[in-house]
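Chain naming follows the written order as A, B, C and D, and within any one chain the residues start at number 1.
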Amino acid sequence: MHLILAAIGILLIGGLGALLAGGSRRSATLLGRGSVHAACLVGAIGLAFSWAGRVPAAVQVPWSVPLGSFSIALDPLSTWFILPLLPLAALAASYGGASMENGHGGPGAVRRAGAAWFFFNVLVASILVVLTARNAILFLVAWEVMALASFFLVTWDDERREVRDAGWVYLVATHIGTAFLLAFFALLGARAGSLDFDAIAAARGGAAGGVCFLLAVAGFGTKAGLMPFHVWLPEAHPAAPSHVSALMSGVMIKTGIYGLMRALEFVGPPAAWWGWILLGVGLLSGIGGAAFALAQHDLKRLLAYSSIENMGLVALGLGLGIIGLVAGAPAVIALGFAAALVHVFNHALLKGLLFLGAGSVLHATGRLDLNRLGGLLRRMPWTGGSMLVGTAALSGLPPLGGFVGEFLLFLAAMQATLTPALALPGLTVLVGVALVAGLAAVAFTKVFGIAFLGHPRSPEADGSRESRNGMVIPMAVLAAACVAAGFAWIAPLLLVFGRDPGGAASPLPAGVPLGELLGETWTVPIAGGILLMVLAGVILIRVGLLRGRPVRASVTWDCGYARPDARMQYSGSSYVQPLTGLFHLLLRTRIDFDRPAAIFPGSSRLSTTTPALFRKLLYEPAFERVRLALQRFKWLQHGRLQLYVLYIVIVFVLLLIWMAWSAP
Amino acid sequence: MIPALIALPALAGVAAFTLKRDAVRRALLIGAAIGHGAMTASCWWRRPEPVASGWLALDAAGLLFLTLTSLLFLASAVYAAHYLRHEERGRRTDFKEGLLFSNAPEAVFTGCLLFFLSTMTLVCASRHLGLLWVAVEGTTLASAPLIYFHRHHRSLEATWKYLVICSVGIGLALLGTLCLAVAGAGSEGGPASMVIDDLIARGGTLQPDWLRLAFLLLLVGYGTKMGLAPLHTWLPDAHSESPSLVSALLSGAVLNCAFLAVLRSQQVLEAGGQGDLGRNLLMTFGLASMGLAGVFVLGQTDYKRMLAYSSVEHMGILALGVGIGGAGARGAMLHAVNHSLTKGVLFLVAGNILHLYRTKEVAGVRGLVRALPISGPLWIAGMLAVTGSPPFGPFLSEFTVLYGALEQGRSVVAALYLVFLAIVFVGMGQTVLRMSQGPLPEGGPAPAAGRPAGAAEPWTSAMVPAALALIVLMLGVYVPPALDAIVLEAAGLVGGR
Amino acid sequence: MRTWTWLHPLIALAFAPLLGGLIARTKAVFAGRTGAPVLQPYFDLAKLFRKGAVYSRTTTTVFRAAPTVGLAAIIVATLVVPFGGAPALLAFPGDFLLVVGLLAIGRFATVIAALDTGSSFEGMGASREVQFAALAEPALFLSLAAAGLAAGGSSLSRMQAAASVESWLAAGPALPLIAAALIAVVLAENSRIPVDDPNTHLELTMIHEVMILDHGGPDLGLILYGAALKLWVMGALLVNIVLPFRAGDAWVDGGISLAGMVLLAVAIGTIESSMARLRLTRVPQLLVGAATLAALALVLVLR
Amino acid sequence: MTGWLDTLLVLIVLTNLKLLGTSRLGGCIRVVAAQGVLLGGLPLLAGGGLLAPRALLLAAAGVGLKGIVFPWLLLRALREAKVQREVQPYLGFTASMLIGAGVLGIGLWAGSRLPLPTAVRSSLLVPVALATMLTGLLVVVSRSKAITQVLGYLVFENGIYAFGVGIAPDAPVLVELGILLDVFVAVFVMGIMIFHINREFDDIDTERLSELRDWRPE
């Protein structure tokens, strides 16, 4: 545990060092990246030790802050969420260093490299603290520092207007989300008489549990990007530098899920409707996220929406788990929570990989608009290869990592459906996930097929070259991890939670034979293995068939049209058009098309845009209304001295009268 | 000790009027500030014993606010030395309308600054309500010339409003004091001692009707000076028109002094067994101030006025905290500390911005971070701090207030509190970020300022707010036990825990 | 009793193309033609496997690897689907999700291979394919879930074991509904009329065919073989549910299942020769309809 | 002696009404001066003994400041600022006087609700003090010139002073003097301000003093 503290310390010191060395980019990068790597190593060792029970799992440091105490601890839940953080942070740091040498972020960036590393390190450190804090004040401080650090990283490239706007949306959203959490913790703390998590958990139950839960959903849901609290996410992720998006989407938004699961310890015995709320939010996020992802042209924006979708799946898992808790169905509980946990883990790796890949594309071509890319696989084989693994995994193809989470979710749903009392929620999840999985597959075939295959659709794409090793290697590592996760995903789960299911801080209720339940699913990796073997066999056959046979190269068959041209290809938009048409009610995709006229038509153009629905229809009008309502009071400050004095008189007289009335 | 604390700046002020050479006068100013600070610090080490038959004494609250005042004054004094050195002499054109105007003589400025400190010290130290009133009125009169340093018609208007409104308000406070005397004279008609301790001691015997009336008047009166809505009307004008360091003192020190006066009244009222009346009134005023601040912070076009309204908001938080009581009062006391220091940072930085960009219009300021490598980040940090974001001090105190509210089961108050905080955050955040981020305007920050973008800032003008900011940051991650203890003791005066 | 556990994959590999031949023959009979021999698919495959290959310069490894991957995936699927009253080689709770996943692999491969060619027509085909797949998947899920629910287990083998005459009588109208939904899915997934027409040759109207325009030689062979296997696998799913007759003797049961497959082929042939192809815009309605049927079945089972 | 006191109080009320009715600035100043002198007498009648040193001291200071120094200051400011001598009220004179009468009513009502301490000589004192204060505020609010605002403030202050001297006769003299000193400085500073206002706007009409605001009527 002290090693975790040490890791945090290393991060902060390294960050400060980088900040002070801000003048020269090289030394700043050296300090920042080095300290992240060192910290991740130390942290990993710390995890291992505390897992082996060699070191105390909790540390309390005296801290003079009202209501606060600096106590941090590692329990299975924390461990599980830290697990992906460490490698991802390290890889993102390497990648970030390399990409900064590419001079990303405009000329000013070079001068502010120190600041960039400072905020990056602070971000990693704060996530660590958030995941280990055992006192509300400490948690909240770390939580908000995390938000601010990421905000400054998002607005890193603040010479661009859209980046500033994105940052602003993010800041407001996260701040309001935190406001809910303030209320949440203050309420619980006031009830428990202390803000230490143990005390709060001890005082669980009692009144206002529902209110607390709703506050938690709103507050943590904002961070996790659950619809309808997701508005900031599709703005912030594209704006941020890619390695930061990777860290944010891979780990930071997961802290929202972590918070939700923590909250379950605090707010006492759940009620069925809590689960239903999570199911509702999860379905909305899942289907909505997938549908919006379909409609995006911007690669990173698409990935951001896909993050929303996946958080939705996680929420579905949690919801099922809660409903299972209420109904006392151990299988549903275990599978539901396990699905959520496993998917969190896999999604962390996958989204990290995909965002790094997107960044590599951005570096190579300077564009993220799918309809201007194409043919990158030939030009950037490593990036392309990793992206192929990532997209396949997120499309839920066995045996890759992405499939496992959905699989467990299905199992949980089936279990629920087979338990008479829980049939309805089970079915809801079943249908929803089926739909989501289908849509996600479309979205990611779009990403890979349009961006990396076919003819390049722009000179930049045509002239692109593979990124430097510093950026490629992290992607390759993550891709490998995704494949491995598809086979070995169950091992970490059992390692972390298996030993004491229902132990102090495990989300699983006591007496759930987790290992047993998941044991049967060992068959999935086996099937994966068989798949690989069969594949090898078929490949051999194919090679054998082609041996000694002529293999010629030619142009693509285009039904007799001899000169195929990049602009004749299906674009990303046209690829998904049939489906976006089906979801028009939700997406409101706008198509501007000036049709070619006359017999010899001149130039013509067609463009589709999908607005951020909730922002345009829900939040912006609401804020505007508030603003107008406040405007009405501006006349109070009219500048007339006489009337100002009159205010005093009036207030005094009113109070006088009020007092005269209220006099006993 | 206490008489020395009061006399030192007063004498220095007299000297400042007589001195001829500017350099000496500035040295004197800083010297006096340092001396005052040193003496204040020694009071922490050993609490001075009451003098003048208990008329002058330092209890926890007094010492707390005295320290704040002294610290802030020290910062402003150092800043002032730099500021005065760089103020242009003679008549010059006003950046807003291009009118000609000149500054008040520096001697007057420095002198009044020192008198100002002396009167504020008196406020913190006086235990006699009459004396307290004299001192508070004194702060108004001493600070009026400071606001009118730049002699053009806007600052004149601000000064005039400040004078009239505050004088009228404080007149009511005087009436309240007299009513308290009546309440104290009570049945036996003996001489009514106006020393707070005596009043509290005889709390039960105070005549209830007169006591309530007295509190009402005191609240309205000192509330006007403290800037509680809707009595705050003088505040934005005065803060926006006075030189930035004066704004810092007004917002960070004077408002606290008025708040201290309100606290004294509440103390007496509680001793009289009618604390609830005061609590409810304070809560009402507090929420009103926070809400009203939100109205004017949102879409504010003048960044100094924005800061002024934020002060209104925070005075609201203080009142609310005391009104809530319990942990709320503790939070309020702590928040007084945090707010003063943070506002010091913000106003001094605003001074730097004004000096560089030559405008108070938000629209005229762009790319601050690039133009002022130190002040720019400080501007953002100060905004985050004052809107209650960790890891800065105000977060802790604001959260404590919220905690207190929910501890008392006042969930509606808590909800409103959070809503108003959010509104103010949106208002300030939008403005500050718009000023700070983004590229520089064409042709450097401001053609008027002949300084290339990104060039090193003048040392003092940047370091003073930076130092204050460091303290604010420190208070966000570590509250020194001594401070915590005295905060608790001060909160205890009004039933805080 | 477990004979078919091992036998089924081999039989599938051997006889899958036969289904195509049977369907063609049935259609020929309806059309009053003699038609190609039933073994024609085998001849075609043999011919293709003997050819060389021509690749577009645009394409990458993805294009070359796709047919192989698709075939491998569907072969594995044969190990998961039970047959002839015996449990499958790979049987575990939720194994039908694995089948769906394996089918998804095949689709993924085909689709990106199509996009790899950079041809507008193949892009069009891919676009249609994913659209219909995204709609067919929920229908497939719901029907299998309903079947599982009726059987009280989420494993295909369990469903098959539980499917019996009694269960049909017990479940009442539920199972026919499931069967109907499944049939629709089978037709859609295997690009048969009324969703798609395997032997049209107008690119604009095709879905599956147009995606593989550029493939030739052994690759095309692998694709066709894979398609045949796919039909077999999904057919087996269907047959397991609609033919619940069990004699208890492995060979008889196996025979019953095989007969079922033949019947299925004939049935498809009949449908294809008796129905016209739907307009593309109507296809979604068909699939959504199937999904609703399945949902209805679920409700009936739950009741 | 109570009779004398009441007479004095009534006279003060009359000065209030006169002030509300006067239309010329000079006149207003003289009325306020008269009120100051009357107030100067108050400590003698309300206080402990007629010739108690404390009472004498206060009386002297009061008459000196309120009756002589302030009026002199203001008249001087008036002369410096060559303004036209009309008051320019927002509120008509008659209306003002009616309100003034109503204000007296409020004073009586409030006074009747409060139990008077024994030390108070006349039941009229509290009402008159309150009425005077409110009159002062009324002047501040309803007159447009800066100088009238000072006058209003003075009258307001007078009301409080009357209250203090009459109700709390044995408050320590130091404080009373401190209060007087404050008021003196206040008026002095205001006088300076008026001088500047006049220089800036060549008129002391505070209409001009509404530049600083956050709201502009469309």
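Criterion: a residue touches a chain if its C-beta (ideal position, glycine included) is under 8 Å from a C-beta of that chain, and two chains touch if they have at least 3 such contacts.
Since the structure is predicted, the reported quantities are computational estimates derived from the model, not experimental observations.
**Student:** Count the C-beta contact pairs for A-C and for A-B, then tell me which is higher.
**Tutor:** A-C
**Student:** With chain centres defined as C-alpha means, what is the inter-centre distance between subunit A and subunit C in Å?
**Tutor:** 36
**Student:** Indicate the whole-number Å distance between the mean C-alpha point of subunit A and the mean C-alpha point of subunit B.
**Tutor:** Here the centre of subunit B sits 43 Å away from the centre of subunit A.
**Student:** Measuring from the mean C-alpha position of subunit B to the mean C-alpha position of subunit C, what distance in angstrom results?
**Tutor:** Inter-chain centre distance comes to 78 Å.
**Student:** Give, as an integer number of Å, the spacing between the C-alpha centres of subunit D and subunit B.
**Tutor:** It comes to 30 Å between the two C-alpha centres.
**Student:** Check each residue of subunit B and list the ones that touch at least two other chains.
**Tutor:** Residue numbers touching two or more other chains: 160-161, 164, 168, 209, 213, 236, 296.
**Student:** Considering subunit A alone, which of its residues make contact with at least two other chains?
**Tutor:** Residues 634, 636-637, 641, 645, 648, 656, 663 of subunit A touch two or more partner chains.
**Student:** Would you please write down the residue numbers of subunit C that are in contact with two or more other chains?
**Tutor:** Answer for subunit C, listing residues that touch two or more other chains: there are none.
**Student:** Any two chains that touch count here, so list every such pair.
**Tutor:** A-B, A-C, A-D, B-D
**Student:** Using the touch definition up top, name the residues of subunit A that touch subunit B in the complex.
**Tutor:** Touch residues, subunit A against subunit B: 63-68, 108, 137, 140-145, 148, 155, 158-159, 161, 164, 167-168, 171-172, 175-176, 179, 182-183, 186-187, 189-190, 195, 623, 626-627, 630-631, 633-634, 636-637, 641, 644-645, 647-648, 651-652, 655-656, 659, 663-664.
**Student:** Where on subunit A does subunit C make contact in their complex?
**Tutor:** 374-375, 377-378, 388, 392, 395-398, 403, 406-407, 410-411, 414-415, 417-418, 420, 423, 427, 430-431, 434-435, 437-439, 441-442, 445, 448-450, 453-455, 520-521, 523-524, 526-527, 530-531, 534-535, 537-539, 542, 545-546, 549-559, 564, 566, 568-570, 574-579, 582
**Student:** Which stretch or stretches of subunit B touch subunit D in the complex?
**Tutor:** 128, 130-131, 133-134, 137-138, 140-141, 144-145, 148, 151-154, 156-161, 163-164, 167-168, 171, 174-175, 178-179, 181-182, 185-187, 189, 191-192, 194, 207, 209-210, 213, 236-237, 240-241, 296, 300, 305
**Student:** Can you list the residues on subunit D that touch subunit A in the complex?
**Tutor:** Of all residues in subunit D, those touching subunit A are 90, 110, 113, 134, 137, 140-144, 149, 206, 209-215, 217.
**Student:** For subunit A, which residues are in contact with subunit D within the complex?
**Tutor:** Residues in contact with subunit D: 634-643, 645-646, 648-649, 656, 660, 663.
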